[in-house]
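Below you'll find the structure, written out as structure tokens, and then a few comments.
Labels run A, B, C, D, E and F following the written order; every chain starts at residue 1.
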Amino acid sequence: MEAIQKLAPHQQQAFMKEMEAMQTKDSLNMYNNLVMRCFDGCVTSFRSKSLDKSESSCVEHCASRYVKMTQRVGLRFAEHQAMQAAGQQ
Amino acid sequence: MEAIQKLAPHQQQAFMKEMEAMQTKDSLNMYNNLVMRCFDGCVTSFRSKSLDKSESSCVEHCASRYVKMTQRVGLRFAEHQAMQAAGQQ
Amino acid sequence: MEAIQKLAPHQQQAFMKEMEAMQTKDSLNMYNNLVMRCFDGCVTSFRSKSLDKSESSCVEHCASRYVKMTQRVGLRFAEHQAMQAAGQQ
Amino acid sequence: MSWLSGGQQQQGPDPVQAAKVEMEMYTDLFNKIASSCFTKCAARRHRDPDITLGEMTCTDRCVSKYLETQQRVGVILQKANEAQLEQQQNMAQMQQRLG
Amino acid sequence: MSWLSGGQQQQGPDPVQAAKVEMEMYTDLFNKIASSCFTKCAARRHRDPDITLGEMTCTDRCVSKYLETQQRVGVILQKANEAQLEQQQNMAQMQQRLG
Amino acid sequence: MSWLSGGQQQQGPDPVQAAKVEMEMYTDLFNKIASSCFTKCAARRHRDPDITLGEMTCTDRCVSKYLETQQRVGVILQKANEAQLEQQQNMAQMQQRLG
């Protein structure tokens, strides 16, 4: 994270503003990608216009497992970044 | 479409300008993605440097079917958005 | 490359500045995509936390072959653009 | 997209930017539906340039099932967001009491 | 990319932006060719760091077939664009006559 | 990302932009890890809303193997960059001598 650490205080303020906009966009992207991934994985037949019982529980389980998985990846990822940063000092 | 509906008249003008730029970019992206999808789906052998008869008709049919399909998705998508908007009033 | 050829001298300077930023971003994107492609292709078992001998040589070979391949595609791509540009004059 | 405003109450981004992001997301959603439904309904051997009646019906149903999926996944994400927010608030209160 | 200017005659975006978008599209095209041709010509077991003669020839042919595909798909999109424009114009005239 | 600064010594982009690009790349890296590891560790039949102990252990190992892969690929790219730079410098010197 060299570029971020090198920011002067007044630049950090502008950077934070950019982060807010990026976070909103990123979570919308994650939402669109998750819908596509769970739809592609769970919905394969088109005899009717609405999801049957097993398709709806499949897409809901797929979404909730993906959220839990992403939280765990977040923890491990942060640990690795911390170890790497410590390693470099 | 909450954010778009909340735009004041003078903001709508700036928004339309952004839309023009976005539409150009989006149709170029659609073009690049369609070429890749039809190439991946239709071209599998590389004994010669140019497409044979069946490969060229495959990529052309793939493109024209994708265009027709996208038009139909556009109609259904607009109907759903209208129904949803009506549902919310 | 019509839009680029139509640029007036002072516009070319601004364009070059944009190119620098784009090139940095593009090579970071290529790096992230290459890591994902070689990881997906080479790493399939998770009995341990680190890559075994065959996995590490697989990801390294995958990366170095992709770099060599991209260089070759660059040459052929440039030849085709040149032929097309010559064809149009 | 309303599940989003819940967590991040800030002074709010510039309205034209917010409208632009919303339009980008609708375009992305539309492109994803077209891509998924083409793969599921029409991507066999491309023998002729038209789509059959069966492929048209499949497309209509695919669009409606896709949008239903989007709606259900939105509810799951909103609940997960609220659960996470609550967890953060409990932790903050706990730290105050111990602080 | 000339098939594009047909439909959208507007006062025209700022030239530097237009050149930037064009460069982004060429870069995206290049990355897609490299990715498709790597998958089709060289993505087997990565036993050594070099690409074989056969993989090089495959790559050359893959680039030229990809660009031919791009050209043919461009013609199809241009025809579809023109057909759609005509349809819109007919509808507009019809509405005027009935209006 | 340090392998990057080697080749392109320019007056340097605006620091806030550089920090933004760096954050975008970390977010992209994180999203790719989550996506790859979900596919490899948890994408079977979604019978219930939770991830099993086995899937959690698989995820932890997947993250660490992914980051090791990123590190090894970075070294390969840095070497390729340096080799290319050297090649360009040799060619430039050769042209001067022949010039």
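For the reader, a short list of remarks on this structure follows.
Criterion: contacts are C-beta pairs under 8 Å (C-beta built on N, C-alpha and C of every residue); 3 or more make two chains touch, one makes a residue touch a chain.
Owing to the predicted nature of the structure, the values given are computational and were not obtained by experimental measurement.
Annotation of chain D and chain F: jointly contacted by A, touch as defined at the top.
If you take chain C and chain F together, no chain is in touch with both. When the contact pairs of C-F are matched by residue number against C-E, B-D or B-E, more than half turn up again in B-E. Taking the mean Cα position of each chain as its centre, D sits at the greatest distance from chain C.
Farthest chain from chain A, judged by C-alpha centroids: E.
Averaged C-alpha coordinates give centres for chain E and chain F that are 27 Å from one another. If each chain is reduced to the centroid of its CA atoms, chain A and chain D end up 12 Å from each other. Taking each chain's centre as the average of its CA atoms, chain A and chain B sit 25 Å apart. Residue numbers of chain A whose C-beta contacts span two or more other chains: 38, 42, 59-60, 64.
Listed for chain D are residues 1, 21, 24, 41, 60, 64, each touching two or more other chains. Traced around the ring of touching chains, beginning at chain A and stepping first to chain D, the chains run A, D, B, E, C, F. Those residues of chain D lying in contact with chain A across their complex are 1, 4, 8, 10, 13, 17, 21, 24-25, 28-29, 32, 36, 39-41, 57-58, 60-62, 64-66, 68-70, 72-74, 76-77, 80. Residue ranges on chain F touching chain A, taken from their complex, read 1-2, 15-16, 18-24, 26-27, 30-31, 33-35, 37-38, 41-43, 45-51, 55-56, 59-60, 63-64, 67.
Interface residues of chain C facing chain E in the complex, by the touch rule stated above, are 1-4, 6-8, 11, 14-15, 18-19, 22, 26, 30, 33, 37-38, 41-42, 57-62, 64-66, 68-70, 72-74, 76-77, 80. By the touch criterion stated above, chain A contacts chain D in their complex at residues 20-21, 23-25, 27-29, 31-32, 34-36, 38-40, 42-44, 46-51, 55-56, 59-60, 63-64, 67.
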